[in-house]
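Chains here go by letter, A, B, C and D, matching the order in which they are written, and residues are numbered from 1 within each.
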Amino acid sequence: MLVVRAIKASDLDGLFNLASQVGTGMTTLKPDMKMMGDRLAIAVASFNETIPPEERDYMFVMEDTATGRLAGVCAIKGAVGLTEPFYNYRIGTLVHSSRELNVFTRMDTLYLSNDLTGCSELCSLFLHPDYRQGNNGKLLSKSRFLFIAQFPHLFEQKIIAEMRGYQAQDGSSPFYEGLGRYFFKMDFHHVDDLTALGKKSFIAELMPRQPLYVDYLPQDAREAIGKVHQATVPARRLLEQEGMHYEGYVDIFDAGPVLQARVSELRAMRDSELAVVERDTDTAHACALHTSEPYLVSNTVMQDFRMILTDASPSNGNIDLSKEEQALLHCHSGETVRTLSLNVRKNQNV
Amino acid sequence: MYVVRPVETADIAALESLAAVSMPGVHTLPKTREKIEQAVEGSIASFAAHVDIPSEESYMFVMESLADKKIVGTAAIHASAGSNGTYFSFRNDVIQQVSRDLNISHSVHALTLCSELTAYSQLSGFYVDAAVAQRPEAALLSRSRLLYAVQAPHRFGDRFFVPLAGLTDENGGSPFWDALGRKFFKMDFLDAERVIGGARNRTLIVELMPHYPVYVPLLPGDAQAVMGQIHPSGELAFNLLTSEGFEADEYIDIFDGGPILQAHKHTLRTFTASMPRRVAAASGTPASDAVATYAVSTGPDQRFRAVTINCAPLESSETVCLPKQVQDVLGVSEGDTVTCVRI
Amino acid sequence: MLVVRAIKASDLDGLFNLASQVGTGMTTLKPDMKMMGDRLAIAVASFNETIPPEERDYMFVMEDTATGRLAGVCAIKGAVGLTEPFYNYRIGTLVHSSRELNVFTRMDTLYLSNDLTGCSELCSLFLHPDYRQGNNGKLLSKSRFLFIAQFPHLFEQKIIAEMRGYQAQDGSSPFYEGLGRYFFKMDFHHVDDLTALGKKSFIAELMPRQPLYVDYLPQDAREAIGKVHQATVPARRLLEQEGMHYEGYVDIFDAGPVLQARVSELRAMRDSELAVVERDTDTAHACALHTSEPYLVSNTVMQDFRMILTDASPSNGNIDLSKEEQALLHCHSGETVRTLSLNVRKNQNV
Amino acid sequence: MYVVRPVETADIAALESLAAVSMPGVHTLPKTREKIEQAVEGSIASFAAHVDIPSEESYMFVMESLADKKIVGTAAIHASAGSNGTYFSFRNDVIQQVSRDLNISHSVHALTLCSELTAYSQLSGFYVDAAVAQRPEAALLSRSRLLYAVQAPHRFGDRFFVPLAGLTDENGGSPFWDALGRKFFKMDFLDAERVIGGARNRTLIVELMPHYPVYVPLLPGDAQAVMGQIHPSGELAFNLLTSEGFEADEYIDIFDGGPILQAHKHTLRTFTASMPRRVAAASGTPASDAVATYAVSTGPDQRFRAVTINCAPLESSETVCLPKQVQDVLGVSEGDTVTCVRI
């Protein structure tokens, strides 16, 4: 059985093993014992609420309870950009119009910005290849929204997620080749590594400050704007189902999209429901609502937050969870859990 | 012998046939009868105007072959480029890019839409017949505008500029336009020039042209290659102007990327090296020590005339000897003062 | 009884009388017969769908059926900024930070933008003073969202509403006095009139193009950014209840906020429900759900769209409307209507 | 009699006591023993260095009263302002605002952070004792840096600039800083200058300073009022430099808004009017026709010396008559060539 749960100090080795599988392209999850240990300490302090909300980094692991093996990881940061500047390009619109000539030209424009400073962030999602099947990916990614719905006061008004940007067949970034290279004079991966290390003053020093018309860029660079890496397409779709949208912010190097949402408008905030766990009896099972719709269920305890996927559905404020499920959630009948249908239900009234 | 003088109404027909000669770019002659008439009338009014502050005046000169009374060239100067708006150009900026952390240091060129040439005086409309192009009279024609400015400095700014037509391809397309202006104007180069009439001071420029610097490395190679390059037809004008003291490099045209030469009058030879000299009599044939060619001009205003003469160096002389025929052409007599500058 | 309905060609005189009451500060509703007639013609063509969706201007009037008098007006434009540039200032963030000095400065920045080009717009809301009581204002303002929920395909992805900006006691605009006046060299009201007339090229000519740090402005100008005129506070609140948010766009002259939303996330899109009108019988009335919660109800006919407020509530896909209500809506029992609770219901699960 | 010469290690103690004199701004002297030692050693190394491209060299001069062996002034010149990064300043831009529809035309001033002064040579650290300030030796000291550049042009750029301290209030606050720098640096003017050590080429400037033009009308009145104004202590330097040919107005300092004077060497009197003259003997007392004061200098490098003399105009003479004492101070003999320029 799989459970997604708050990370613990004892997970360091498991986390390191997991990170060793990640490969390039994920700057926040590198198999570096020192970095990882530091981050884990912050995560534990976050769940224990011993550091201020904006410094927190809630990490979750997916554990295969049969083996104790860690199958995946994901995280939510309380706020970004409060110690190092957080840069993006924002795509804006400028209209150049002349009545006299009857010309009306609408141009996309890149603005170097720190607009997302202070937003909460979904990040560091990784599922081990052995577990990439069924609803595991959905469980891991969407579990974070249940946590947010349970503790919304811990997060900023807006939440974002940076998506890995489009790369050509040969692994190059057309956007970087069409723009960044002229100013940074080094390879894309080198630049990416520098930012992962937090060395960002070179961005202030070398990046063009003036708004740039997108039309100045070569065709392939233009097309890469807001487009995710092929491997990231499913992850993007999952977040969009939860109410996150691409609003014109992209990575300054590869132009990968930033998805964002008001926390208050996330599907989990609007549609997740509290339910009381029913006693584990045959009667309860017999009366329970039967649907083919899987549900995400979490307990409501910060320090030991745990989430699972179940076939049970909440009904009239109750939910029928099996003994095993209750054990996975560390909860008992009569206690309250939070529920959210795994998939988005279609609105019949539109 | 050739004389440069202000244009007259009688020249209109001759200008019309000159205009029929096809020329690239827009900084040349008005093309239609109506436009030519307007230009000539505007020039006559400008020479006649009493001027306090240089404004919309535009002075047009023609060069006439005295032998056959043919017009063989034209040249013009506008008192103030921005008199009717703001004169827009691209300024060549260099941005220093230094990162000490990364030990990177390089510079990036950027083009910035600017209005700094507003209120400069603008030279334009220079054209000479091919037969005259290699003669010192070509320089005389180009320079006559500045000789007039030396005579009537209150009619002009302290700074002058000249936009020269940029490089275009065989179909009249401009790679620089295709990389920039076309994106905003949504039309071909020649259509855009036609619709704007060669002007660089129109509201539609500020409405349509980019307001933020254009980073040159982002431009396609062919557009970068033609930046600041002149159309072959402008070579003569370019050479005459640079030897006069004009400098390129700082500004380029916003449409075709052609060079805009500019200078403060203190750095122009016509201003710094022109000498007033008293007219003295001379025999009709040049003296055997005639080692120098001079432009000699007189005025004022509508009576402006300029010719070239060959004579001994005038630097240490108080007079200039002019044959009777030259005196007649200039409308001066012995004892009058004329302005001389070595060509 | 009051009904909000699609405007008709015969409403011109009534509309003119209404506009005569408006006073200054509302540039889109001036008592000018020619302008008004032109606009009305477009509105009629909009409901008849004889012009493309982006050119449409759906105007609604609130009619007092007792007297036939027009009590209010409101409108939705299909798209803005497609013939004349639509300017705003966008408030962005720039971070200036130096590790060496341990300085981290977060600055708000004004960008001149045309970002909202192509958005649909809520506009021209005016309720006659005689009718400013009870739920009339809510009915008039919110009625538009029912129309959008019924015909969402007619609108762009995003919808906006410009709010009148803050003014000092003496009627001056501190934001304009602190910024625009230096560049326009004329009075605020003169500038406002020029833009109302569609003369906008002066903005391109005179407005500073470069991003501006908000901190350069005087204190009172800074404070006016995103703040509405005192008289507009209630109108703002109504729109915010419907899911519209201030996202950092303001008017370039008075810095009044632009509220905006994704159409798909409007409350009316998520929560409005279709219901079948029950037969007008005593049995139906007796079984009807009784709540104190008023509902907005509309018919579903484009050309003759009509909305009322009712005490009836939808229940199991049906709604019990009285004969009078059915007459106001031009609908009959067995037909489908769209319903939305007038007020926002609190989410019990947060 | 006073001589200007390169600083030596033996001068350190004297410089330390000079530094004790309180002076505003940052473009003056190093203040601590350690900084002074660094500066002196750097200067000695610079004079001794073989230079291909001007770089981090910094040349420091002192003026010594020969009567009492006292140091009465100092002046310095840096080979290349941006050798260690990029030299930042504000450029004064003028934006033309024209609306033909509305018949509006005015201009708006804007300050743009720029790096155009990078690679210019920078004059700094000018200080003279009050007793000498009114004497021609003050001009000698200021100019000796340029006299050295005339002798060793390969060590310097073609352009020079000098930042002068801006206006501050009685508490050392700067209204210009309060309106601009403070908003980004979040600290007082003097603290900022202390932490940055008067430098204008540091990474933290590009990190903290505004990257977009500052529209001057939006600045508070007191900040606008001090833009380009000098601190009273800089008046002497300002007057000496402007009469040398330096121009203000185009750039101001990014911290205190003080003027930055700049010039191409072709417009500086020391470059355009300096004359090489052969040394001839002279009596110890000035001749009765001594109507002019000259700066006379010799070199090379560490042996650079400069003094003032009074003598008859040298323009039409091939020699300059120097008393034996002066020859000794300069380290020259009859027949040697020295560089002379009228003060």
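FYI, a residue touches a chain if its C-beta (ideal position, glycine included) is under 8 Å from a C-beta of that chain, and two chains touch if they have at least 3 such contacts.
Here is each chain with its UniProt name: A, B, C, D = Arginine N-succinyltransferase.
No experiment lies behind these values; they were computed from the predicted model shown.
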| item | value |
| --- | --- |
| Most widely separated chain from chain A, with each centre as the mean of CA atoms | B |
| Comparison of C-D and B-C (more C-beta pairs in contact) | C-D |
| Distance from the mean Cα position of chain D to that of chain B, given in whole angstrom | 40 |
| Distance from chain C to chain B - Cα centre to Cα centre, in angstrom | 57 |
| Chain A-chain B separation of Cα centroids, rounded to whole Å | 63 |
| Sequence positions of chain C contacting 2 or more other chains | 97-98, 201, 205, 211 |
| Where chain B touches two or more other chains at once, by residue number | 95, 98-101, 203, 207, 212 |
| Residues of chain D defined as touching chain B within the complex | 82, 85-86, 94-96, 98-101, 115-116, 118, 203 |
| Residue ranges of chain B in contact with chain C within the complex | 203, 206-207, 211-212 |
| Touching residues (chain side chain C, partner chain B) in the complex | 201, 204-205, 209 |
| Chain C - residues contacting chain D, complex | 96-98, 100-101, 103, 105, 107, 178-179, 182-186, 194, 199, 201-202, 205-206, 208, 210-213, 215-217 |
| Contact footprint of chain C on chain A as seen in their complex | 81-86, 90, 92-95, 97-99, 104, 106, 111, 113-118, 149, 152, 201, 211, 243, 245, 262, 265, 269-270, 272-274, 338, 347-350 |
